[in-house]
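Here is the structure we will look at.
Note that the chains take the letters A, B, C and D in the order they are written out, and that residue 1 is the start of every chain.
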């Protein structure tokens, strides 16, 4: 099977010389929930932002190595980075609706891509809200401010906003960090269904969460990839001592 | 090996309109440099003869009699210096302390009233303040015993209030920029509010306060109309002593404003007035350079933003 | 002295100084209003000056100031806004950017009379516009640029970074992001800076002395290459250059000028507070 | 067992918003009391009520009593400045002053006029020792405090608080900005300090509360849902809400 995303020998260095990523290589397969976990500042979020080139926003950083998406490099000059970001969409740690109505949030990306057809837009709004299990809660107030939603609703709106683009890959950067347990459960339960249609790469909130949702998982430490394996195997029988220390350590 | 480009390379090819807009944006950004260069160029072009035709010894002499082609700048420099010193001595303590009052002591509701008041003061045209100095303040000063009401001190007093908005708003920004954590840390140990201000807040805000003072000075040196109206316009050097401040003087800016209307274009007098402008331009440069040395260009720019 | 007593003393002294700062401001405004209000009537605002300006109104000066303010806006606003966008969104931390910033800081510090000299040398003489509305507007416009650029850039920077990140992550281009996510939210701040810049331009005298201002012209300007009267210069003229000028006309002129600039200042702060209150982030 | 602080019928308001609702909490002397609950539940607000740091917030109002050694700290004639000296505080983010390490610790004794020059060195050393930082900084006391790493900065702030010889130390999520190793050191330090001080700590980290405290109170929407010995709270919570929170948050 061709990997959806392949990362080969990636080094990522900031202008001041700090190495955020060192020789990271792994593949992400279609329709799996792939979890990147590890302690703070181990490079997970940095890696995630490389995949849809939000890393372009960082001045003076250098990328070495190859990242491919459907077999083609994402770094070349000929790559349409805006199209790439629509196909590899991202949900952030802090729920960040754009100021404006719920509908505005959901149609923004499509409109920027030149989609004008109102019927299609309306369809996508409903579809994506359904998929993010938010439709019933907001269907009567699509034109009210997205800022008025609760934290959990905001995050599901952000997820729906990504889904509305019909991406191939969804990047989830610790999406439940600000959520209460109930909303966290909702998001976690959604993941499996979503992976039927999309490929999901997620930075989890905790090791426990990683273990609950991962098809496959990778443990990162200080910018290096320590170990990749099927979720069950990695969490029950880690091969590397450092992985085991982290999983069983006092700090979850 | 590839490097991540910061500007998405495809944006240009994909959207021509955007490329045009981005070019305009770039041009507008660069225009700031062009304008400074142009200002310098025109001042130099019209004023260069000052420095070519007049011996330096004479240029910095004590006699300013344009009718006799005597262009000694010393009286104007002294006048500017006196007015500036006076204004700074009045404005700096008032401004910094008022900022402390606003930032640390005034209750919220009062702050909401006083801060617009500062913007209002900043919004009063200098000609209006000059007019008030001329019709209302000068007679008061004269009644206090000065031979005339139109003195360096009158100018200083007006300029002090004119520079207060600059000094207060920048000082206040500097105080505001001191993290609340420092105040909490001090109060939590049992320090009084005054101890906290004096020992933690003011030292932490030091560089910002210095900028406030320097830019206040810059504002004072550059002011024209008010000083033209109230300092008496006497281009001579008063006798040394405290009474200097209560003598009529004339500043560099006022000289340009008063005499440019009457000179023949291309005459030496005309050049000298531009030469004075060039000197003022260079003073500005120096003040800003010093300020930038202290807080970096970012800081200086932010502080300038507070200036209205 | 006990700590509590030094605290009380310090607060008392600081408050006293604050009184010294703020009371004169109120006094100045109050005094001008009381002294000038008597002169304000319909004729004063709408009639031409008569009898060596000692009678009649100040209409041409008011109109001149309004024209110059609009001219300033046309010159300064588009360039300033674009420059602010450049600095906030495009400029990287390099030598060019630092030079631009340094240039803006310097522009802000250049004395207004020096702008007047520059306007004389560049627009009146070199460009051949003569003493004219266009020369004055260009001079005032350039003079207001640094204030407008700084406030606009600050307004743009105050738009939370995550809105940009989100917009880009949804596939919007950089300019689309600026156009749809940044500028709308920065608008109150940008407007505030623009109006404040105009309020400053409306009250300036030194830059228009040699570039546009006329001592007295009996007609309104008919083209941008005409001279015009303007309130600040008119106030200067009637208070220092014309002997025997009635005080009420002087106070009235000062009050009208003050009202124009203060209206703009208050408008600016009004825009800022109402639009700030309306935003929900 | 003696109560150092006794909170009774205490409510607190920001303007019209009631942030704390009728709290009754005993704080035992020379023990560690941990306050847990979701963010926004009022635990930090409550902590800042104990040394009246909330007085600096405009529009804030307190109702009810907080007894420190039997005396209500919200009486009109209480000197807040002296109160804050008796009840020290350590904040969420390390907040050393932008001064030297030495000056940071000496700050309190100096402003309170507690030490002549000779004994000041002594006090600084003792405080740094008590905060188990002395060994790391003894040769660089004149270095700027901001050059220390976050964990050291936080222990410096603890030393600064100790230097004025308080009776109670309030800690507002003191480890939230620290890495695991630094967190452990601060927790060890708390266990040492509790021999001489009464400690109240607010934390969002349940393991930390379980590891480090003797008593635990669970806050929810400005109310105290449950209070008791830490072991009991974590092993057999009486309230459903507490249990849901402790087990539900799993992370």
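Rule of thumb we're sticking to: contacts are C-beta pairs under 8 Å (C-beta built on N, C-alpha and C of every residue); 3 or more make two chains touch, one makes a residue touch a chain.
Here the structure is a predicted model, which is why all the values come from computation and not from measurement.
Across the two candidate interfaces, C-D and B-C, the one carrying more C-beta contacts is B-C.
Among the other chains, B has the CA centre that is most remote from the centre of chain A. Look at where the CA atoms of chain A average out and do the same for chain B: the two points lie 52 Å apart. If you average the Cα atoms of chain B and of chain C, the two centres end up 16 Å apart. Note: centroid distance chain A to chain D, computed from Cα atoms, is 37 Å. For chain D, the set of residues that touch two or more other chains comprises 81, 111-112. In chain C, 3-4, 92, 173 are the positions where the chain touches two or more neighbouring chains simultaneously.
The set of chain B residues that touch two or more partner chains comprises 6, 8, 11, 14, 192, 195.
Residues of chain B that touch chain D in their complex: 107-108, 179, 181-192, 195, 199-200, 203-204. If you check the complex, the residues on chain C that touch chain B are 3-4, 6-7, 10-11, 13-15, 17-18, 20-22, 24-26, 28-29, 31-32, 78-83, 85-87, 90-92, 96, 98-118, 120-122, 125-126, 142, 145-147, 149-151, 153-154, 173-175, 196, 199-200, 202-206, 209-210, 232-233, 235-236, 239-240, 247, 250, 254, 257-258, 261-262, 264-266, 269. Chain contact summary for the complex, chain B toward chain C: residues 6-8, 11, 14-15, 18, 21-22, 24-33, 35-36, 38-39, 42-43, 45-46, 93-95, 97-98, 100-102, 105-106, 114, 116-132, 134-136, 161, 164, 168, 192-195, 197-198, 215, 218, 221-225, 229, 253, 256-257, 260-261, 265, 273-274, 277, 280-281, 284-285, 287-288, 291-292, 297-298, 300-302, 304-305, 307-308.
Within the complex formed with chain D, the chain C residues making contact are 3-4. Listing the residues of chain A that touch chain D in their complex gives 39-40, 180-182, 205-206, 208-209, 249-252.
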